[in-house]
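Quick one: the structure is below, and I'll ask about it shortly.
In this document, chain identifiers A, B, C and D correspond to the written order of the chains, with residue numbering beginning at 1 in each.
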Amino acid sequence: MKLSAQGLVKVFPGVRALDGATLEVRPGSVHALLGENGAGKSTLVKILTGVYRPDDGHISIDGADVAFTGPLDALRAGIGVVHQERNLVPAFTVAENIMLHRLPNRLGLVRRRRIRAEARRCLDLLDLDLDPDTPVGELSVAQAQLVEIAKALSVDSRLLLLDEPTASLTGDEADRLYAIVRTLTTTGHSVVLVSHKLEEVFAVADTVTVLRDGRSVAEARPLADYTRDTIVDLMVGRAHAALTLGTRRVAPDATPALELRGVSTDRGHRDISLAVAPGEILGLYGLVGAGRTELAKALLGLDRITSGEVRVKGAPARIRSVGEALRRYRVGYVPENRKEEGLFLEQTIARNVGVTVWRRLARLGLLRDRAERDLVAEYVDKLGIRAASPRQLAGRLSGGNQQKVSLAKWLAADCDILVIDEPTVGIDVRTKAAFHELIAGLAEEGMAILLISSDLPEVVTLADRIAVIGDFALRGELVNDHDYDRMSQAVIRLIHATPKAAA
Amino acid sequence: MTAAVAPSRAGGGARRIVRAPEFTLVCLALTGFVALSIATHGNLLQGGTLGAFFRFLAVPIVIGLSQMVVLAIGQMNLSVGVLTGFCAMAGAWLMIAQGWPAPVAVTASLLLGAVVGAVNGLLVVLTRINAFIVTLATMTIVDGLRYGVHGPDTFQGYSPGLVDLGRAAALGLPVIFLIAVVVAVAVGLFFARTVAGRHLLASGGNPFSARLSGVSNDRSIVLAHTISGLLAGVAAVLTLALSGSVNASVGDDLLLRSFAAPIIGGVALAGGVVAVFGTCLAAFLVRLVDVAQAQFNLGQSWVDLIVGAVVLGAVLVGAVRQKLTRSRK
Amino acid sequence: MNRLGRAGNAPPPSSDAQASGPAPDPAPPAGRVGRMPVWANPRIGLLAVLVVLIVLFTSLRPTFLDTRLTLVPLQSDVSVYLVVGLSQLAVLSLGHMNMAVPRIAAISAFAAGLLYDKTGAPLPLDLLAGLATGAALGALAGLVIARTGVNSFVVTLAMDFALVGLVSLLYSHFTQGVAFARQPAGMASLGADTMADYCTGDVCGPPIPLLVPFAVVALLVVGLVFRWSRIGREILMTGSNQKAAELSGIPVQARIIQAHALSGALAAFAGFLLAAENGAFSASVGGQFLLPSFLAPVLGGTLLAGGAVSVLGTLLGAGITQVIYKGLNLLQFQINQLQLYIGLVLLAALSLDRARHVLAERRGVRA
Amino acid sequence: VSVTGCSKKSDATASSTTMKPAQVKVALVPGGSHPYFQPWKTAGTRAKTDFGLGDVTFNENSGWDQTKQNNVLTSLAAQGYNTFGVFGVAPENINTTFGSLKRQRFHVASLGSCPAGSADDADFCLATDVQQAAYKAAQAAINAMGGKGNLVHLTGNKTDSNTQRRMAGVQQAVAETHGQVKLVETRTDIDTDLQTAQKAVADLIAAKGTQLSGIVNTAYNPAVASAAAVKHAHLPIKVVAIDDDPTVLADIRDGSVAATVVQNPVGQAYVGSYALMKLSTGCTMKQPGLTIDSGSFVVDKKNAGSYDTQRQATTKTLKSDFDAKYLNCRAK
C-alpha cells in the first residue's frame, strides 16, 4: 500500500506536536520513522490510525484522499498498528484482546472457538507459546507487548505501523518480529517502524523519514544514504559528539554498599549473591522473565525474602518498604513500568519529581511551591525534559520524557544506592547517551548502582561487572572489559549454561 | 519461548474453584443457610418460610444486576431505586386508571424503564457530565414523577392475575424468583457471549484500547444505561407481582442495596468487571440476615450492627484468603 | 471511577490549578505555550452558574435577597453542607468513598452530647470529643481498607450499618429515647444567632450566622492540607496511583488511614454544626448526609477517581445546591414539581458549565 | 460565644402586631409527603373561606428532613406567610425551629405531632395523643384476639420520640391484660417504604405466623403490608391498622383488617388554622404551649360508615373549646 501524508499539523494545548510533517511510504518497503523523544513520531502514528484528527494536512492511500473519523476507519482501510503504549483490556483473555476489533459472531453471539483459533494462528506467527485463555492482566510487560504485536498482525493489514515494538523485547523476540516484517514486505505490505534502536533500524528498514520538532527533515530517503552518525545528526539538528565513558576505578576491598548473600524469595529466586560497591555499576542482565524485576522488588520489601541476607553498607538490613529503603538506607528504585509504577500520569511533572523530596522540603509539614519548583526546574534542565511547563501533566509527555521524569524523581531523592530497571526503554539515542552519561556520572560521584537492563549494548557500555540471571537464579558474573563482541558472547554462553554449571 | 513462562496451571479444576472470587461468598452463603436452618429447627426449610425467603430475593437480585451493568463501564446509576418505583407506579396506574390489561401494562413498564435508562445514557454521552451527577439529577426528576402518579396514596388490586403469579410456585420455588434467575442468566450470557456485551466490558476495562479496536464507548455507555433501566423496569414488574400494592415509597430501599450486592459480589467500581453470580450470592446473604432477624426476634439495631460486623468480617476473611493463595503461588 | 465520563473532559482540576507565577520553561518545545485564560478555570464556570441562578431567582422572587428569612438561613445551610462535602472530599482524594459519613456524624454528635450530659463539659470540649470520635472511627475504616485492600465502599458501608445499629442502641440506653434533653450552654446561640446579634456599642456585626466562621475554618484547614501540606499531597499522590506512590516511598497505608480519619473528623464536625443548627444532639443528626456529601464535591469538579480535589469547587457545589433548593422553595412548587425542577435546573446548570468547558478546550487547542 | 466588649442584643419579645383575618396567611407544613396529611389540603381551603383568611397554603416539601423543613418554613415566611401549622420532622429538635419562628413574631402551631419532652415553644400543640392512640389500637387488637394470645407491634423509625410513645402505649395495653396477652415482638424501622414493610411482614408471618393472634400497626406502610399478607396467608391473625386511607377502609370492609385507629387530620388543620387566625387577630393563649388532643377513634366494620360524623363532632368541640377554654380574647 502506498501511503502519503502531507503537511500534517497537530497542536496540543501548549505544544505543536506536528508542524507540517510529511511521510511517504512506498509499497513493499520498511520505512523507518526516526526522531528524538517528543519529535512527534507517536503523534504521527496516531493520526495515521485515526486516533487523533490532524488540525491541518491531508492523507492519501494509494492515491485516494482519506479522512479517518476514528480508529475503526483506519482498521477498515487495512492499517494495523502497535502503539507505543500497551492498549489491552486487562480483564480479557489474550485471544479476545487480539480479536477485539472484529469479534467473530453469529447473530451477535460471540464464537469463542473461532476467536481462540484465530488468535492461536496469530500467536503462532510469532512463535508465542501463550495460552490464549490467559487474562492479559496476568502477563508480564514483554508478553503483553507480544500480544499487541499479534493483535496488529491479526488485522489483515496492508500497512503496519510499529511504534517502538521492541522496546521491551529481547533480541530473539525482536529478530522473530523482523523476520515476519520482511516476509510481509515481500507480499506487497508496507511497514512503518518507529524505533530508537538504530542497529535494528539499519538491519531492517529500506527508507527513512526523520522528524525534528514536528517537521520532516529527511523525507523518504533510502536508508543506505546515511550512517548511524548522520542520522543522529539529523535527529538532533547539529553534530553530536560520540559518547566515551571512562572506566571507573573501584577499590577492590571497599565495603559493598549493597550486598545480597544467598537470597531466596517468595517468588522463587534461589540463593542469589551479589554485591555493588560505592561508585560501581553492576549490570544485571537476563532474558525477559528471568526474575530481575522481582529480585529488585523483593530487595525493597515488596516481596518476601525467605532466606539469605541483605546488607547495606556492611550492616544487615531489613527493608520493609520503599519509604524505609529511601529514608533509612538511602536506596532508590526506578521501576521499569513507568506508566503503572513510575509515574502519576494525572499529576504535574513538578509533583512527580518532587514526591520523593517533600519530606526534605517541608517546613512544619507545609510545602512551598517555590522550593519545589526550583528543585524540579533543576532536574528538568539536567535531563532535558521537554514539556510546556513543569505544571504539565506527566501523562501528556512523550514516552521518553515520561521515562526522564521517572528517573528525575530518584535523582532528586539523593540516594546512595540506586536500583534502575530498564532505564532507556523507548528513549532516543541522544537522550540515551545523556542518560548513560548521567548514570556513569552518578557512579563517579560515589553512588552504587544496580542496573537492570535487557539492552546488552547498554550493559556493556555502562557496567563494571555483569551479573547474569536466568530463571530466578544467578548464572554467573563477569568483569566487563567493554569489548562488546567478547562480552556479548560470554553473556550468551552464561545464559545458556545450566545454573549448576555456572561458577 | 522463554523458559520462564510456564504458568503452573497444573493444580487444575479444584484449585481454580477455590481461587474463584465467588468461593468465599458461596461458603458464607451455604454456612449461613445451614446454620440458620439448624438454629430455627428446620423452620427455614418449611414451605412458607422458604417461599418468602426466595420471593423477596428476586428484586434485590435484579436491582443488583441493574447497578452492575453500569458499574461494568465504570459508572454509577443513582436512579435505579426511584426508577423501579416509578415504573411500578406507572404500571399500576395504567392498569387501574387506564384499564389496560396486565400484559400490556407490564410491557409498558419495562419499556418505560428502558427509555429512562436510555435518556440517562444519552445525557451522559451528550453532556459529558459525570454519570454520578447526571443520574443524581434524573433520580430527583424521576422521584418527582413517581410521586406525581398517585401522590402518597397506595394502588391496590390492579391485577389479580399478576399478583397470583407473584405468589405462584414452580419446581418448588416461587415463580418470581425463577424469573429473577432467568434474568440473571440472561445478563450473564449477555456479558459472556454477545459482541455487544464484550464491547461494553472492553469499554469499561480500558476505554482507550476499546476505542482503538473500533469499539464505540459512547454506544457502550448508552447501552449500559438502557439495560440498567430495563432491569429496573423488570424489578418494578416483579414488585407489582410480589406485593399486590404499590405506592410512591416503592424503591426507596433499593439504592444502597443496588450497590451493595454487586460490590460485595466482587464488581470493581473502576469498571471492566462483572460478577453475575457474585451479585446474586451477595443478595442472598443480605436476605439471610433479614430472615434471621424475623426468626430470632432481633431488634433492628442489633441486626444492623450484626450485618455490618458480618460484612466487615467477610471482607477480612476474603482478604486473608487472597493473601494466603497469593503467597502460596 | 467514572472513566468513560471523563474521557472527553478537561485535565482533572487539581488543587494547584491556580499555582501562581509564570513557570520557567527550560526546554521550549515547538509551538507556543498558551496560558489558561481566567474564564477557562472550571471554578469560574461554577461561579457563573451560581451568579446566574441567584440573578434568576431574585428576578422571579425579590425576597430571595431578604436577609433575615433567606440569606441568613441559606448561609447556615451552605456551611453545614460544605463541611459534609469536605468530609467526602477527604476520601475522594484517594479515589475512595466514605459511605459512613451519616452515621459517623450521628455517633460523634452522640459522643459530644454524652460528654455534656455526664460531665457538663463546656461546648468546646464537647466539640473536641465529637471530633475525636469521628476521627477515630474514620481511622478505623481507613485501617481496615489499608490493611485488607478491600474496596472502601464495602468497608464503610458495612461500618455505616454497624453504626446505625449502635446509634439507636446507645441513644435508647443513655437517653429517654432519641435525643439528649439538655444541650450545652451556647449551643442554641451558635445555631441560631448571627453576628448582627452581637454589638459593641452601636456597631453590630454583619448578618452572618455564627456557623459560617466554623465552616470557613474547615474550608481553610482542608484547603491547607491538600494544597500545601506534605501529607495532603501524598494522599493525593496515593489516590492518583497507589502503586507508584508506594514505589516512591510514600507510606500509603498511613496516608489512607489519615485521609479517612480526616473524613471522619469532618463528618463529626458537620454533625456538630447540624446539631447546633437544629438545636439538639439527636439520633437523626446526619441521616440525610449521604447524597449531599457526594453532590457538593463532585459538582465542584472533584473526581471520583481520586488524585485531584477542588476545595473551592466544593464550596461552590454546596452553594449551588442550596441556592437551587432555596430558590425553588421560594417559587412554592409542590413536591413533585420541586423534585422535577431540582433535577432539571441541576442538569441545565451543569450543561452551562460544560459549554464553557467545550469553548475552553476549543480555544486551548487553537490558541 | 461571647466576645469581650461585645454584648448580645436582647431579644425584644415585643407583643405581636394585631392583624385582620384577611391579613393572616397560614402555611400548613407537614414533615413530608404521607397520606395522613392529604386531608390538610381541603381542610385548609375550607378554613380559608370559612374564616376569611388571607391565604392558606399546604407544602409537603420537607421530605422528612428537619433541615429541609426549616428551609421550607423560612422560604414560606419570606413569601409572606405569617402563621404556621407545622408537623415537626424531629420532635426532639422542633422547639428550636418553633423558637426561631416565634422570635420573628410569627404564630406557630404544632399540628399532628408535639415536641418531645414537656416543653412546647409553639403557641399550642393540636395533635393526636399518639400514646393514647397506640393504646387504643392495642386494646382493639386485644379485644379482637379475644383477650389472649401473642401480639406483634409494627411501627416506624425507632429514633423518633413519637415511636417511643407509641411503644409505651402498646405496652400499657398489653400490661393491663396481666399476662394474658404477650407482646412477642416490636418491629421498628419498617415504615421507610412499602417494600421494606412487606418483606418484614412476610418474614414475620413465615417465621411465627402460626403462633400469632394479633398484629397492631402504628405506622402506615406496615399496616398496608400486614393487611395484605394476612389476607393471603389465610391465617386467623387480627390486624389493627392505622388511618383511613381508601386502602385501609377497603380492608376493613372485607374483614382482612379487624380495626383501624383513625386520627383527626381535618380537625388539626381546620381548627389549627382557626386558632392561628385568632392568635393573629389579638387573642393570646391562656396557657402558651398547651397540648390538646385532636382525638383518635377506633373504627371497625360496624362504624366504618359512621365514624366520620363522630369525628366532625369532635372537631366542632375542639373549635368551641378554643374559644371557651384556651384563648384569651380582648373584647372587640
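One rule holds in what follows: a residue touches a chain if its C-beta (ideal position, glycine included) is under 8 Å from a C-beta of that chain, and two chains touch if they have at least 3 such contacts.
Per UniProt, the chains are A = Sugar ABC transporter ATP-binding protein; B = Autoinducer 2 import system permease protein LsrC; C = Autoinducer 2 import system permease protein LsrD.
This is a predicted model, so every value here is computed, not measured.
Engineer: With contacts defined as at the top, give the pair, B-C or A-B, that has more of them.
Structural biologist: Of B-C and A-B, it is B-C that has more C-beta pairs in contact.
Engineer: Using mean CA coordinates as chain centres, what's the gap between chain B and chain C in Å?
Structural biologist: Roughly 30 Å, centre to centre.
Engineer: Would you mind pulling out the distance in Å between where the CA atoms of chain A average out and where those of chain B do?
Structural biologist: That gives a centre separation of 43 Å.
Engineer: From the C-alpha centre of chain A to that of chain D, how far is it in Å?
Structural biologist: 72
Engineer: Could you tell me the distance, in whole angstrom, between the mean C-alpha positions of chain B and chain D?
Structural biologist: Once rounded, the distance between the two centres reads 37 Å.
Engineer: Would you please write down the residue numbers of chain D that are in contact with two or more other chains?
Structural biologist: 33, 158, in rising order.
Engineer: At least two partner chains per residue is the criterion; list those residues in chain A.
Structural biologist: none
Engineer: Would you give the residues of chain C that are in contact with at least 2 other chains, written as numbers and ranges?
Structural biologist: Only 168, 172, 335, 338 qualify.
Engineer: Please list, in label order, each pair of chains that touches.
Structural biologist: Pairs of chains that touch one another: A-B, A-C, B-C, B-D, C-D.
Engineer: Using the touch definition up top, name the residues of chain C that touch chain A in the complex.
Structural biologist: For chain C paired with chain A, touching residues are 11-12, 14, 16, 19-21, 23-27, 29-34, 224, 228-231, 233-234, 236-237, 240-241, 243-251, 307-308, 364-367.
Engineer: Provide the residue numbers of chain B that touch chain D in the complex, in ascending order.
Structural biologist: 40, 43, 46, 48-49, 51-53, 55-56, 59, 147, 151-154, 156, 167, 239, 242-254, 290-291, 293-295, 297, 299-301
Engineer: Quick check on the complex: what are the chain D residues that touch chain B?
Structural biologist: 33-35, 37-38, 158, 184-185, 187-190, 192-196, 198-200, 202-209, 221, 224-225, 228, 232-233, 245-247, 250
Engineer: Note which residues of chain B are touching chain A in the complex, please.
Structural biologist: It is residues 1-5, 7, 9, 192-196, 198-199, 201-202, 205-206, 208-215, 272-273, 327 of chain B that touch chain A.
Engineer: Enumerate the contact residues on chain C facing chain D in the complex.
Structural biologist: Residue list for chain C touching chain D: 61, 63-64, 66, 68-70, 73, 77, 80, 167-168, 171-172, 176-179, 181, 186, 188-193, 196-200, 204, 210, 274, 277-280, 282-284, 287-288, 325-326, 329-330, 332-335, 338.
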